[in-house]
Amino acid sequence: MATATVATTFTPLHDRILVRRVEEGETVRGGIIIPDSAKEKPQEGEVIAVGKGKSNDEGKVFPLDVKAKDRILFGKYSGTEIKIDGEEFLIMREEEVLGILKS
Amino acid sequence: MATATVATTFTPLHDRILVRRVEEGETVRGGIIIPDSAKEKPQEGEVIAVGKGKSNDEGKVFPLDVKAKDRILFGKYSGTEIKIDGEEFLIMREEEVLGILKS
Amino acid sequence: MATATVATTFTPLHDRILVRRVEEGETVRGGIIIPDSAKEKPQEGEVIAVGKGKSNDEGKVFPLDVKAKDRILFGKYSGTEIKIDGEEFLIMREEEVLGILKS
Amino acid sequence: MATATVATTFTPLHDRILVRRVEEGETVRGGIIIPDSAKEKPQEGEVIAVGKGKSNDEGKVFPLDVKAKDRILFGKYSGTEIKIDGEEFLIMREEEVLGILKS
Amino acid sequence: MATATVATTFTPLHDRILVRRVEEGETVRGGIIIPDSAKEKPQEGEVIAVGKGKSNDEGKVFPLDVKAKDRILFGKYSGTEIKIDGEEFLIMREEEVLGILKS
Amino acid sequence: MATATVATTFTPLHDRILVRRVEEGETVRGGIIIPDSAKEKPQEGEVIAVGKGKSNDEGKVFPLDVKAKDRILFGKYSGTEIKIDGEEFLIMREEEVLGILKS
Amino acid sequence: MATATVATTFTPLHDRILVRRVEEGETVRGGIIIPDSAKEKPQEGEVIAVGKGKSNDEGKVFPLDVKAKDRILFGKYSGTEIKIDGEEFLIMREEEVLGILKS
């Protein structure tokens, strides 16, 4: 499923964001191809969709600082893995985002 | 019991919602039918009923963003399993909902 | 002791409620009667008495949404078991109530 | 030491209360007297003295709902055991009181 | 070092208090003198010095309810043991004090 | 990648900062060169980039006290290790910074 | 490095303070010199430098009650050990300080 399609079909709740890990080509260490299961999962991703923001105790909503298409870094154990139409995504709270990469 | 009936007979409290897992047909991997107990439970569900909302410290109630009939995604260990008239449902807080799927 | 009597002799404190589990007849699975100790305790109950409500930091009291005689669902490990005049009851906070069943 | 004496010689701090367990006669199950150490400690008690109440963040004090001489129920592991003049008492916070028994 | 001296040389910070355990004579159970290491430490103490009080989020300071020379009761594991000039004291927060004994 | 480049390509989120550990030359203890894996990682670092600050519940943003180019000390287990263009950095919250070294 | 130098070169962040343990001469118990590793570390220290204070949610800063040169007591496991120019210091939050010794 194309990213555009997922972005229009899934809306993260509140301060959550939908992220696709940025997969690199297979890593080569010392000439040996490391198969997929032994590789560490990348901690870089692309934001696909964002929630409407976090509410305070008076019901006021604050939009997120992270936007769709941002390239972000996150911690190894951040987010919940979820499959949408067979493709793996991460859903995490904005607070789990470490920062934004500009290209 | 029909969904409509459950929705009229059970009212989740405060910011809780009643969810029915969306069961898919039996999964086939490599031609072998995987029996029910070995399958992972789906993390997708349909909202059947919602509570009236969360109160702040002054007693003001904020209605939920999630509505009945929404298709939602949630984490593997979200919610409390409960049987109503012999059918299994999940009751969870709105905060455990990861996002809403539009069809 | 009749329910009415318990309700007049015991007042739960603050946001607590007194609940009697709704016991069903002995369950039969595949023709074998399951004795009492092997049965899961029911997660359905009847509210017998309710506290006056929860106070905020300014001392304002908010009455509970749950009322005496409501049929409620609650989690497996909710509440504190307590005997009043030899009969078993549960005392739980309103926040542990998952929702209300209408009949 | 008489209860009246303890009540005048010990003042629980803030939202704490001083409780004496209500000891019943030795329990008989199936004709066998159960010695004291095998009995569960009763979860019922009499309030002997109460603190002046809980303060909020502005220093305003809210008196307790529980009063001296109230018969209360509490959880199995509630409170701190303490000896005053050789007699055992429990000191607990009002929030640990499950409810009040009227006689 | 005399108590008066300690009180003038040590000032507990904020809502902390300096306490000296009230040691009783050696306990005798069934005619056997129990040496010091086998005895439970007493949960009674004398307040030697108190901090200036607890501040709220606006910087307002609320003096403590416990005063120097008060006889107090506290939980078995309350406070931090500390030596001042070779003598053992406890430093605890006022919230750890269970109540005050009047003599 | 030069520090200046990283600083312009990565923006830490909210109250987070990007830190590069200050690596010292190999340590010599008693004449024996300690190889890299046995050395404790330094707890000193240089701030490369800082987030825009922490928001309070009304959405007001407070800039950080720590600035880019500050030399800081931090705890052994502070921060999340992350690679940017093959170089190792730490991302931590400002609250994890112990203090600032002036040179 | 002299204390004065450290105080001018290191500024603890917010409500943190820089502390040097007050080392006593080697302790002698029963005529046996106890070597350094077997000795308990002293819980007494001298404040070398203090942060500018703690901020509340509106950004207002409250200066610390502890000042440089104060002799303080702290708990056994308080603070983070850190080396500045080869000398060991502790960095702790003011809340970990038990009290101040006047001499």
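For reference, chains read A, B, C, D, E, F and G in written order, and residue numbers begin at 1 within each chain.
In the analysis below, a contact is a pair of C-beta atoms (placed from the backbone, for glycine too) under 8 Å apart; a residue touches a chain by one contact, two chains touch by 3 or more.
Keep in mind the model is a prediction, meaning the values are calculated, not measured.
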item	value
Whole-Å gap separating chain A and chain C, where each centre is the average of the chain's CA atoms	42
Intercentroid distance (Cα basis), chain F paired with chain A, Å	24
Geometric centre distance via CA averages, chain E-chain B, whole Å	53
Per-residue overlap in chain B, given as positions that touch at least 2 other chains	57
Chain contact graph, described as a line, ring, star, complete graph or other shape	ring
Round-the-ring chain order [start: chain A; next: chain F]	A, F, G, E, D, C, B
In the complex with chain B, residue positions of chain C that touch it	43, 56-57, 60, 62, 65-66, 73, 75-76, 94-95, 97-103
Chain A residues touching chain B - in the complex, by the definition given at the top	8-14, 16, 18, 49, 51-52, 55, 57-59, 80, 82, 84, 91
